[in-house]
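So, here's a batch of structures to check.
Both of the next two complexes hold subunit A, though its partner changes from subunit B to subunit C.
Coming up: the complex of A and B.
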């Protein structure tokens, strides 16, 4: 691949594996002075991973990194910083217990000597004044006392501030998600000034209008690959949404089921429309990650499962996606992990009956194909996918009429997925209700009805044939044209 | 061979082995003359550690940060209130027992109320209640030493079939605790919470109810221990619970329960309780000075824990 002329930084054919998962599959990207690259794609497309490779946080499994046309033998965060690369992250990265000035010292190690506080104050104030005129933020204030928007402004100002080394490339990862329209406009105006002065910006946003109006070039990622790369002028909102999805892959095998009778589960949400689910229905929760889907599942769980009284025949069961933090019990055997949610079915005269428990475990071992020679082996002896199957078995083996699933297929191989899909369908046919949050499009295609979330609220409800990748993407991304 | 391996993998084995070694070392010095008396005393005093140790074990099983520091004050208050109520009369024994249980129940509820409602860490919450309880005990006691009813005093200091009654009671409680921990839903829930509270919650475990019940259970066992100890020693004293704070925690740890929670065992409490008493007896027999005695006690405990923690981890 020829080197792009005058690129500040370039990555070539980067491949990144996390265990079995391929997060980046041969991505090349060059960042040239005087341009703003808009990077878009759905969850899991590889945007965050490529950003981490560019800012030196991750060393790629394969591929080259070049700066000013020269291949770099070693690359890391320090080297990236020396090249003038700065990052603003979506998750706010300031220390809340320190003042803005003290945080600047951490971000800019060059600030040294007797008068570093005064120097830091001058730099930050200048940068804030330039980007957000009339901001009203005191650089001596403790970060913890600032609002989320103010923190984001400080973080942006810090990235653009010029201490000993000037910034040449700034990565903005969802920078406007906590800014209002006025502040966002100020930031985007500054982005244009910055690139006019010869700097480079890598802008990630799910607000398509922002990308289309600010970026000079748009890179679309999907499944760890760059699927489209064109000047921004050649995209329309509709064509951008289309590029993010794949028109070739059809959603297969829709279930033809109507919701029967009154809803078994309802929840009023603070804004947007409310949620309800009927008996035997598979309801999907879609949208970009972190837009309120998990919070809603937890609210549903809390509303139906008491933390004080044991429930005889619990109303809801939960399948965790983050199995390390709220799924498995690491000290226990596979069997104990499987039966913890349905122990009240396994007692005789008040005591746990081991043979009944073992029989229940064996039944699910064969039903869901947990690959282990012995259920008494420790849970950690299983692969991640099989641990996830144990969590499914735990929830499905209860008598709960409702099963909540929090993106449960993360890191699960395709074979396991097909097995679990089959079981979910069979259980739904038998009258069980499933509420299923997933970031994977195919799984939404298995649902009877899908709610699309954005910014903590339900913004769209799709039914039956209307559940398409395109429709979900359009609702997930803000923008006039995208919704059309 | 397999059976031997399984025995060696038991976490409680080492505390028993150590207790036996110390017993032999002590008896050897006196050429066997003291073996009967020593065994008797060891079983009796171990029984008192077993009561509080089992309660503390359930609490510690709940996971990191869970511990009940109100055990000594609780013992003092329960002993004081019960003996004052019974006022040396045999006819008042039943009300005395009931008020003991009530004291334990109230203290357990108070502890968890502070932990839950005010979100105070358990170590601080139980420490605070312990100051309040101790003050209440001082106020009730007023320096008087009331004797236990004769029937109770007699029961507490005698033996049945050559085994001290206190040890028999402790054995009964241990068996019940073992069943509770290993064969009931409640026991599973405690162990689940100890491994991961969020995971337990999402698995449908009534986390708050289980934790409350556990703190109440621990407080009731401590109150019962205070009641029995004051009957045994001829009256309630304000400082009688003091040594049982560290004792209750030490026997859990030496007995092979996981300090981080989620994995506990009852037999180890017995081994550790016997060991703790026998070490002191042995060092006394060898006529060590008090300072050396404490150093030796510490070293022996460290050695037992080191040996026990070297064992192969095995899923339960």
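Coming up: the complex of A and C.
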């Protein structure tokens, strides 16, 4: 049964599991003609996952999808397209080696025959002219030669362009992140025109003013659930931020340690305030994912480590977040994965001293509780959490006084997390400095000081008691009054 | 904008071909004749076809290390089955094109590195070629011989054939919607997937087309050489890759240029003749050919850098 009569598309009780992680926990959402739904939530709230379910990219573990009131037996990208669903993704989703016209061919498989180029050019030019009058973009230009803003304009125009089947629902995921104020206003004006003509928009944005001024209904997600769903008029920036946080849960486990002495680590950022960290301090980097935190960690690493020849006793160690792609050596043993960063300490006259290496491995196996019968087993024999522990052991077993962590707890079970938190705290007591980017709110509570990032710059610095979920959310989302 | 960046990419192959041609004409003015040009370029025709085949594979971010042995295999089939029992010969060649299409699918489905799969296939093709022709021999079909030795007015057949190959490949790869999809796969496969287009189908077509061009290369080669040998085209693997890169293509990213690839193949062929005219001993020729390649590619790099500087400005 459809929950909302007349809905173009509806998802009901959608549950989505990724391994042991539950990304969506019974989400229902109906998209009706003539409305713009604003979708907000912090990292890991499930926004991207529900969008992927709606656009057919992910098949939900449980739940139903209804179109025009009818349950759909099978749903996928092609079906979603046929229903008039179009998406603008946060990351670049055009082929940079093709021209805009050729990209239109990819987006519109209906374009066929000998004259498809002329038709594609007409469609995309019309859409660009309509949304961004005076855009000055040549549809024959190669996408790779366009500026970031122009690419985003083309992507938006592509989603709204009308070939054989007209767009009825358009999902905009952070559509204004690369647009200046004037272009963003043009887009939002077009959104209003589009819904006035009977279309529907699903708008995701971290700029709350955009959501509040454009959306007719706002859906707030948290931890894979919809926690609030009300007309936009009933929200204020402050109440929206409040809805995204949880009133019951307090950030636990605060350490009371003031850093003494001069900062061991500083970095000047092009925009906003600079970064510094003292000895024995745990500094958190918060904010929505992809707002410049990883870039800053990499900049810190580059500034303090040689990228040409590994130095003896490097100043910084790095714990990668995406362990499969840039953390572990998949074909190596657990021991080799652990000791790779501190080989200098384990060599005698240029040769690796095996007993010393084995002793170092055994020491960390017991200290960090790596669950394996034998360190010579392949790294892939470990669970994801234990692999992550190996990466921690790799960084902590170096003599580096500073450890940079790039959201290392993604997809790690709660038990492992607690063990690692304990070790981080103990190491910080002993004088190590940690710079910790995390998308998980609780981990910010473990930090002495937190920098909140937005649009590639530090927008807030929170200390001690001031580190609250509300304060972090307010700084992560841009909007008048949200920071108040 | 687009014109200028694509033209820049074509500039290097065109200029290097012109420079080599000028050098050859300077050293040997008699090459500036109908027969001379034909002799200089007729071996370029099969290389150009193989380069276009390699380019189709590189357009989807793969690399075909079996190109040389496959062309040799096709040459052996052409000089035996296609000559003696044409129907069986055509069936074998069609089946080998189908194998190419299947390879394209299997590499994607099993997430295998194309280099490894095609390297393995190179032994298969090489073995089959030896089985068909254990010692050099066979005979070119009369029609293949006729096509490759026809004497059209104005310019030798090698020039006409090169232009034809370039135009046909350009129409397929740069102008047709299939070509757009093939290059899109190299540029951003996720986008193609999200549009609901079947990646499998496009890859099968790209590999199948590559197989077809490689078959044409083998037939053309036998038409010129009159007989075949299991090792006749082993050099084609590296020549075809070098030709694509020389012509402005990239290893990844779906940036390829069919016209550039054909010019690249002509340039590589000409480089060999140029060195002979310079009286460089055959011992040094391969090294000198490599040096020419390095110079040209360095030029490409320089122009790329200029281009990207222009883009950021």
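Assume the second predicted complex is superposed on the first by the 476 of 484 C-alpha atoms of A that agree within 3 Å, B and C clash if a C-alpha of one lies under 4 Å from a C-alpha of the other, contacts with A are read in each partner's own complex, and residues count from 1 in each chain.
Just so it is clear, a residue touches a chain if its C-beta (ideal position, glycine included) is under 8 Å from a C-beta of that chain, and two chains touch if they have at least 3 such contacts.
Since this is a predicted model, take the numbers as computed values, not measurements.
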First, second, both or neither for A:107, with subunit B first and subunit C second: second
Touched partner set for A:329, first subunit B, second subunit C, both or neither: first
Touching partner for A:98 - first (subunit B), second (subunit C), both, neither: second
Contacts of A:276 with subunit B and subunit C, given as first, second, both or neither: neither
Contacts of A:454 with subunit B and subunit C, given as first, second, both or neither: neither
Subunit B versus subunit C as contact partner of A:116, first or second or both or neither: second
Partner chain in contact with A:190 - subunit B first, subunit C second, else both or neither: neither
Which of subunit B and subunit C A:57 touches, first, second, both or neither: second
Touching both subunit C and subunit B, counted on subunit A across the two superposed complexes: none
Contact footprint of subunit A on subunit C as seen in their complex: 1-2, 5-6, 175, 177, 180-181, 183-184, 186-188, 190-197, 253-255, 311
Residues of subunit A touching subunit C in the complex: 55, 57, 76-78, 81, 87, 89, 92-99, 102-103, 105-109, 111-112, 116-117, 138, 140-142, 144-145
Subunit A contact footprint on subunit B (complex, rising order): 179, 183-185, 188, 191-192, 195-196, 198-209, 212, 258, 262-263, 315-316
Partner subunit B, residues of subunit A touching it in the complex: 301, 305-311, 314, 316-318, 320, 325-333, 336, 340-341, 343-344, 347, 350-352, 376-379, 394, 398
